[in-house]
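Okay, got some structures for you below.
What follows is a pair of complexes built around subunit A, which joins subunit B in one and subunit C in the other.
Here is the complex of A and B:
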């Protein structure tokens, strides 16, 4: 024994002892067994709604209760992908945000970690009950992998207090050209430095989302129905050239108070941006962020690109998927329907989050018509629902985020080109916009063509 | 008897076993596996397809990779040209015997390197923000003609990264150089002084040769650290997963991360990783050869 003790120094023995003790301690830590099903959500309001619905479900289904956990979006993305790639433990049900889903669809259809819901939706006649465009981000190669949570039609949120104080009548505005012309007097210099301290639209070349929102509204698109990139279609070049004239040059009308950014709340409060591209969830964001500003914001349909054109677009989106690893897939499906399809959940979704349901059968519910005192008594739910059928279809391509980034790069470069060449008209910028989009299209195609797993689908 | 048992031919292997085992499990096998992966396309580790040299061929023409390489090289050059002189300048300043409060300044200069990187990224975001940022706000107060919407973080992506990294690292390398400067023999400097050498000549012909080995190590650390740049752009440009506006912040490791852990293509990520490894090993060999030549 003494010889054994002398084999190592006291310090080394101490390290060994600590290693053994900590290993034993970790091994003995109690692991709380998971009861029933687990559901991961990334948003605090979604968590609130899901726990409320789950409480009722758990009373009625004590054998398959649901435990809802709020996990940050980044953690959901990492754990979900790890589970799908390598079979690590994962929840039975996961709410997935649109920017996370593309990577799930990058492999063979058979290896996608979510249960294919196509046949269930058709068999139970649910497909026709849900707003059709809401399925598109969750559909890959003809298979639907998630139940849509929302529609997210986009309206124009604007500072009614500033607009009305200037005596501007918004009801006469029909197109973007009208909007910028009529509101132009609001771009005033408040501090006497010779520069405007107010802009008419919350967007900038660096934004990742708003270019696509405006492109989709105009009839442009990043991918076609078979997820082939269509970045360089002429309509996109036309719109991008128009956007560049909004962002730079003597007629600049847009600047960004980046939503979620450090300074956005301060800038929005100051009226730095008069108008904002606002989906239904943005109404909830405004209410939560500026509780003292009731009566200062109003919503109306987006100005169209041309007279008679589309008055909405789409931004954001969430789905609920059932993982293949779930041992309770049937119970998970039943709970998913309860959570997303019931009238109760539609009411909760609207009241807690301001989000309108994609379930058409619930669109008649009276609470959507209720005037909202925070937004000058506008019937917000009804206004969004009237636009829901016009929401454009969006891609589910694994290369969607890449394409979105490339679109932003194109706009940045086009603005630089405009400044360098003193060309600040849409017609003058269109050829360069087309050239930049052609370059970007080639980059996306090269990446897509490299993907062996998508080749069969092509 | 006991002694002979301890001195059996297996004894050295017994002592080496923990290292060999951990080396095999955590280094050798992953290295071999990642080399094999470089010839595959993957959707996570479960779903793989052998693609031969396709990944390596694609590397040569991948515009994102070459943008990332360009950005990384520019960052590395800026880091070498700014961090090392700045660290040396601070060390020379603190090495002066007539400087009061040396300990205080040493703490001040070193403290940025103990601040968390996330904090640094947030701090620089606050400082360089449009309109509400400290820099634009102060410049607009001092010079009313200054545009308060000047987009530092969008238009000067690489300078922003270089500046943030300089702020973190200069004090850290200063400590190495200060230690080296304090080891320069005083009698050599005195002899040079007696021989009529001025301050610049003393620095160039006495101090610099004496601290060259430490400078070589710092050069290696700065270059390898620059080529592994990931966390700072990832935190500063989080909305684009570290790519920054128009990919101006995209570095080789950021691209590797996006490819491997966001797109799930571990095969192509491995190919990028091996390319980076070869570049760094090549640089280390060249640098070592040059250092040896200087010493002889």
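Here is the complex of A and C:
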């Protein structure tokens, strides 16, 4: 026995012991078999909402129960695409985030793995009940493949404590030019190193999302209604030339505290960025991330690009789709409506995530008017809902993510050009912006032309 | 008769080296210390201080604001105990199988002569350069056709004999196991299985420990394969459960830090147990001519 023990090290014997013991325990512990319709969600808060609604549904519909599972976004994407391409197992209902949907729409319409909801929506009169722009990311070649989860209007979130301490009156601000002019005194060098320790807007050339948010607000766009790329339209060149002057040079006013990272939370807390492009979910993010900072943030509509211009934009998005593999599509559709269209789900969505529903019939609900003590008693829900009809349309192209990356790359190169040539005016940068966008447009078109299905459809 | 020479315990040079090593050691431990502090803070205190929250207590620390609440919530609100058992099961059984099969495969490639041996060795070496992400989709589809999706075997089977391990053991056998010993054993009537377990494996003991730790850590930390293959919540290991704490719209970082500490503690313990052999396994053959 001693000879046997000496054969290997104590650590190795420990691993062997762990292997045997855990095998016995795993064999003894039961694994509950999946029951009823399966639904995958990618976010913990969505999971809370869906399980709450599903509990009620399961009581009322014991024959078609729903089981909700939280699955990470990357896993949903891999499993979903594998299922659609090769018939591997998949849930009956899947919540899909905007960045995941493009690949689903890459093939022929008839082969898209989600059930086409267009006819159902029209037949049941649901299309007119839902905020129209919310359908756009889930519509491919005229067919709707998902129920929209949200509207995601964008407002300007700002550090009210710092702004008000400086005696600045935000109510007079109408345009971005006003915003940067009025708030400029806040860009101070606190530690005496010769560089500002505060910037006026949370954005930078490297960001993937904010350029598009600002482009969409201004009337620019990455794709047209038929998902043809419009990256190089003159309006885009005009706007990104303007953005480059915000990001670099002597008049730099923006810097990034990239949302999602732990370091950004510290930067936002320190007041490194005064203003942030903030969709409705961002209010929930602030509340969760800075529980001790009640009363320090306020929201207001975005400053417009021109007087009388659009005061909002859009960022993010989620849909609920029914897979063609579902053996009970009618029940899945009924549950999807219960989850997304009902007044109690609208309330949960707002209370858990701060997200306003796209269902117009629910916009009158009184909880949207409730003053929010965390945000200086602003009626946050109502403020976002007032902007909902103005939210711009988002593309659903499979090449959306690529285009977004190319746009970011164009802005980075434009800033580099500005620094190298000491050209820091929008008018001076516009020709170069146009040239770079033309290059990027050609790259996107080359990719799209390789896709037979989309090329022929166009 | 000469008096014993009195050498100082620590010469100035050694002292400087120890001081430097101590400094860098502390520097390495700093993130772990930060993580421990972060896991004990409330969400409100998370960003208010670098390490421990300031207060009126000893050393100016607000000791009363530290609590184990995040750990309690972790075990109450999430299926952490089951996930931990799954992680231990996947990592221990998977690493034992992988070590055994790689050692056996490496032994065959190093010490047996059979047709196609060189070709097989080259093919195995060739697969080392393939990125794991590239194989994800084909692996998933193969597992589906084998009815191994949502099954522990779907994790064990692809990890049973990785190319890197096979080649590592082959090289180890070539360097550390003399052919004469194997020949002598055969002449004495020893069977092949007995030769492998009683002669070959003890000779490469450091490599076994090193590889076992490498595979154990890799399987323990594996995130992508279990999230694709294991679909039932009851089967999922710790990294997946911890990841669910990070929502799309924000995260409770104190909970994430508590979860991360819980997930790294067993691996650290195992590494401490096996560190001597791990290092000797990694350096074995390093000075051979």
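Assume the second predicted complex is superposed on the first by the 424 of 458 C-alpha atoms of A that agree within 3 Å, B and C clash if a C-alpha of one lies under 4 Å from a C-alpha of the other, contacts with A are read in each partner's own complex, and residues count from 1 in each chain.
The criterion applied here is as follows: a residue touches a chain if its C-beta (ideal position, glycine included) is under 8 Å from a C-beta of that chain, and two chains touch if they have at least 3 such contacts.
From a predicted model like this one, the values you see are computed outputs, not experimental measurements.
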In this superposed model, does subunit C or subunit B come into contact with more residues of subunit A?
-> C
Check whether A:44 is in contact with subunit B, with subunit C, with both or with neither, and answer first, second, both or neither.
-> second
For A:97, decide between first (touching subunit B), second (touching subunit C), both and neither.
-> second
Who does A:266 touch here: subunit B (first), subunit C (second), both, or neither?
-> both
With the two structures laid over each other on chain A, which partner does A:28 touch: subunit B (first), subunit C (second), both, or neither?
-> neither
Quick one: classify A:16 as touching subunit B (first), subunit C (second), both or neither.
-> second
After lining up the shared chain so the two structures overlap, which partner does A:71 touch, if you call subunit B first and subunit C second: first, second, both or neither?
-> second
Touching both subunit C and subunit B, counted on subunit A across the two superposed complexes = 78, 81, 86, 262, 266
Flag every residue of subunit B that touches subunit A in the complex, lowest number first.
-> 2, 41, 43-47, 49, 51, 54, 58, 61-64, 125-126, 129-133, 140, 144-145, 147-149, 151, 154, 239-241, 243, 245-247, 261-265, 268
Counting only contacts in the complex, subunit A reaches subunit B at residues 3, 78, 81, 84-87, 103, 106-108, 111, 192-195, 205-206, 208, 255-256, 258, 260-263, 266-267, 272, 398, 401, 405, 408-409, 412-413, 443, 446, 450-453
In the complex, subunit C touches subunit A at residues 43-45, 47-48, 82, 85-86, 88-89, 92-93, 95-96, 136-137, 140-141, 144, 149-150, 152, 198, 201-202, 205, 208-209, 212-213, 216, 224, 227-228, 231-235, 240, 243-245, 247-253, 270, 273-274, 277
For subunit A, which residues count as touching subunit C in their complex?
-> 7-12, 14-16, 18-19, 22-23, 25-26, 29-32, 34, 42-46, 69-75, 78-79, 81-82, 86, 88-89, 97, 262, 265-266, 269, 281-282, 284-285, 288-292, 353-354
